[in-house]
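Note that chain A is present in both complexes that follow, paired respectively with chain B and with chain C.
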Partner chain A sequence: MAEENIIELRNVTKRFEDDGSIAVKDMNLAVRRGEFVTFLGPSGCGKTTTLRMIAGFDTPTSGSILLNGRDITALPPNKRPINTVFQRYALFPHLNIYDNIAFGLKLKKLPEDEIREKVTRVLEMVDMAGFEKRNTQTLSGGQQQRVAIARAIVNEPEVLLLDEPLGALDLKLRMGMQRELMRIKKEVNITFIYVTHDQGEALTMSDRIIVMNKGIIQQEGDPVSIYDEPQNAFVADFIGESNIIDGIMLKDCLVRIQGIDVECVDTGFEPNEKVDVVIRPEDLVVTELGAGFTDGLVTEVTYEGAYYDIRVQAADYEWHLQSNVSAMPGTRVGISILPENIQIMHKPRSSDEEILKKD
Partner chain B sequence: MKKRLVDFISRFYFILIMIFLYAPILVMVALSFNDSRSRVVWGGFTLRWYGTLFSNRQIREALLMTVGLALLSSFIALIIGGAAAFGIHAMRRKGYVVMMGITNIPLLNADIVTGISLMLWFIRFIPLGFNSVLIAHVTFNIPYIILALLPKIEQMNRSIYEASRDLGASAARGFFTMILPQLAGGIISGFFMAVTMSMDDFMITYFTKGAGVNTLSTMIYGEIRKGIKPEMYALSTVIFAVVFVILLIVNFSPANKKAGNKREGMI
Partner chain C sequence: MDRNRRRQLLALPYVAWSILFTLIPLFVILRYAMVDKEGHFTVSYIFAFLSSVNAKAFLISLEIAVICTVICVLLAYPLVMVVRRLKISRMSFMLFFLIMPMWMNFILRMLALQMILSSNGILNMLLGFLGFPPLQIANTNTAVIIGVVYDYLPFMMLPIFNTISDIGEDVLEAARDLGAGPFTVFRRVILPMSLPGLKSGITIVFVPSMTSFVIADILGGGKIQLIGNIIEQEFTRSSNWNLGSGLSVSLMLFMLISMTFTIKDEILTKRPAEEISEEEKAEPRVVGDGVSRRTVL
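Then we have the complex of A and B:
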């Protein structure tokens, strides 16, 4: 039972009438019960649209959405055991905190004392005990966020949808709320479908990440596999920073970059296939001149707190390195890399694949 | 020195405008309290004309007709215009511009043109009478409702409606608890604007009413042709006072204040 799919999207496409552009294209997805799934992608890639279709605010142009195996595509939002934490909180301004949170329970006609008990419990859970009588306008952004979360989870939905819930908070508060959300997730054991364009947030919190671009799923997998084994240049570029450079796969485990043959661990490519070579900045190491696979001129060094951000120009490519040892701008250095840290990717062939590439 | 002169001229100009606008009305108000049938002799203060006014059955019926017509036509216009405003709001750019043009035409159109064309239309299909006047009033009231509601619809916070649906409210419940309160200011000002316009109308009513149906304005017109009676001054004063009060309410209602927006194009 643990592996059962709670939400399923089957060939879901959403086209908005006004310009005919496609917001979500032929999406197939299964979310397991109790999972923390995150949609990750740049602005406008269709994350909110997907979430709104699951919530019932938008209807797919084609395809179907299933909840526990039952087709809910045409079910209105109030009939779905799904609740949403909105990006801009959407608290009811004319109700106080208590009534905001009790809104759903009152509609379910629960007895008054049961409502009171549940509201009190959920307020404790989000660390907002004693705020019952307060007005929504008198709360800080972080507090409003907590109320929005409480208002949704108090209904004990089967699925909780969160649309960039931490987007409006400052960095420090966001980190705190991330931990808080994961704790709440454990306590309530509800399936979370989370939307963000912040890759750090996605990597920290999710069981599974769905990377999207232009309405198409680029890759799905757990955070480690998404980060370590991006399947295409878009994912590699979007998740963390990457050096993406043209290469030619000479044979298994040997790639030619800028005319230099470099050892790698990837196999299964055509001989002499043109490929994208992806290397994380933190995997590149500054070495003595001639000691690495290539040499270059240090053009820029910025101290970022935890590491130095270094740019090295070698032939026509500017390598991006993150290192905890500095380098002198204007000097020539070598760059080395371990073979297993090189990612080789097929070049996109069709035009459909072309959009997977970053634009 | 120069500034003072400019100040003086602008103040003088303002006072001049006020005199031209309101002096005739003040004269009429004064005459309504004049205990003499003459228009030039002050015969002392009296409420006599108000007394005969309210004991006159014809006037009472016309008053009832005017108020009833205004309220009923405004209410119907509110429903139709409200639905239209939501529809226009949901339209794409092109449809929006076209619909707003269509909305504005009846406002700018000469009343006599509207009145005659409606009359031609009505005599072909329905007998002239209360129904025809009602339809005519609904017709010209709809644009005022749309113009008052549309900005409110555009400003409204949709997400709390969606939040209520998300938490289990039906579409109707979400509409009445989340959307309608946000539009209250527009509904009130649109409704009172329509009431004012309906009570104010003479031309369109004159052409579309049947025999036996009279509003205050058409009745006064009929009476004045027989000779001006002081009761008419009293009646006009009452109408003026009512319209004045309604406009005050509309412009200073708390709902409008809270939104903090200046009334554009209200008068």
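Then we have the complex of A and C:
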């Protein structure tokens, strides 16, 4: 098993010297060879710091980082077989596209014709053939990011780190680049470690998602399990939209929400344990009055193209629904849900697991 | 169009100023340089720099200017590399500290340096106190070089600092990421990216240090004859305005020629970029990423 892990983090903690804040707290993580792993979390959650420690730009305050089982914690970035794609591309403005991409190969003192061949091949891979002589400033953002990706993968690193590489692109371009990144990933078969705050991006591309908050891993798993079975309210809230409401677990498969007993499928809680109930908006269904588990007043309906975004006020909670069927604002409706679509979670035990409250 | 033309009128005061105080005096000098005292046309004054005394002064001036420029470059780069890493508050203090001498009167500063460097001056007092033999710096080339470097170092440092502080930290990290050690990062990224600043620094330091005469007067004790000193003396003591003008013109031509090296270089790097931007206009370009594209030329 050990040799399969290309990157390992062991008890890695990073405390910033200037303000003493802890960016990453006692993190343990193993990345397997060839995997596409995404660090996902809000800004300040420690994802970029973790990436920078793997790249070598930051050194852990304690703990160690292993590459192929070898401790590289003290190795400077130029000695690591790891390359980075930066959020702001970070191309060399004084070099043309060819020399930008050839930068790493020239430092390795490869013969000129081999460099030429590799640069040509990688430019084809990122769909930028013929741009060799161009100046970086004449490229659009998307083109610059392609060059940045080419500049990194041409070195055939063991691990490619991507620090929110699509963050500066507009939505449509971002979608295209996501597909392209996945294609490139398949072609080069390099381990990708990707950092983003965009949950859609993470769900689309990753083999495995590491959800982080406040320097701590909240949950790790494949996209489906992260989305369908969030382990705490933070993950549920951060990945997709959710109704998160207080509940009491009366017994196995029965939860009380706002004084209403609702059937669910979760077991293994203490009797009368206080829990967080998480329900995805698309799982709630508008029904006739009295036909659901609760009734409420439709306060707001927004047409979102693929669905209607509906808010229903029931007692002191405003439910958030996404439905194919519209409802009339001002009317009273019922809300129903299938038991298997209710997620029950333990309340956070420590402050580290605190829910990210939306305002 | 009309609006642009009206805007151009704003340049009028400067144009008037430079015609009055630059262009006309220049032509007066040119005219003086090309006639003898009787008013007959001659080129002998323009070629007067070939005479042994003048040629020697020319060469010493060139030597001192080159040495001073090199010293300024060698002092400025390490300093800038340190300053750019400082936090903003400390950085502004350091820059203030470096520029502060420029607020003092130039002659006063040179006189102060003279006091420090003279044979029984402060420097030798200190050396004697520490048990070292005294140094004979006053009235030598070394004194002049110290004076010029002291005076012009900020002018070398500031343009270099400006270009280097513009380099994004991520660009330097990218270089390290791609396998460059600290020295390679400097040689392959920082140095080439700071070339525009280096060029203007060299221009600002080299030209005045080649033509200066006050520093040589004060710190050279009248023993160092730079070309500037000779020109000055032709005007003030010998009252040979024609010879003075002739030497000035040849010095100016020399400067123009040596500076075209830098300018020519810039034209060469500019041309391909312009061709590309023409090409680029024909293609629909995806914009909207909010990234500012700075032209670093």
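Assume the second predicted complex is superposed on the first by the 347 of 359 C-alpha atoms of A that agree within 3 Å, B and C clash if a C-alpha of one lies under 4 Å from a C-alpha of the other, contacts with A are read in each partner's own complex, and residues count from 1 in each chain.
Here, a contact is a pair of C-beta atoms (placed from the backbone, for glycine too) under 8 Å apart; a residue touches a chain by one contact, two chains touch by 3 or more.
Since the structure is predicted, the reported quantities are computational estimates derived from the model, not experimental observations.
In the three-chain model built by superposing on chain A, chain B clashes with chain C. In the superposed model, A:332 makes contact with neither chain B nor chain C. Once the two complexes are laid over each other on the shared chain, residue contacts for A:170 go to chain C alone; chain B is not touched. By the touch criterion defined above, A:151 reaches both chain B and chain C. In the superposed model, A:33 makes contact with neither chain B nor chain C. In the superposition on chain A, A:93 makes contact with both chain B and chain C. Once the two complexes are overlaid on the shared chain, A:133 sits against chain C while remaining clear of chain B. Greater residue coverage of chain A by touch, when chain B is weighed against chain C, goes to C. Within chain A, the residues touched by chain B in the first complex and by chain C in the second are 55-57, 76-78, 82-84, 86, 88, 90-94, 103-104, 107-108, 151-152, 155.
Contacts from chain C toward chain A in the complex involve residues 168, 170-171, 173-181, 184, 188-189, 192-193, 195, 272-273, 276-277, 280, 285-291, 293-296. Contact residues of chain A toward chain C in the complex are 55-57, 76-78, 82-84, 86-94, 103-104, 107-108, 133-135, 137-138, 140-144, 151-152, 155, 168-170, 173. Here chain B touches chain A in the complex through residues 92, 157, 159-160, 162-171, 173-174, 178, 181, going by the rule given at the top.
Residues 18, 55-57, 76-78, 82-84, 86, 88, 90-94, 103-104, 107-108, 151-152, 155 of chain A are the ones that touch chain B when the two sit in their complex.
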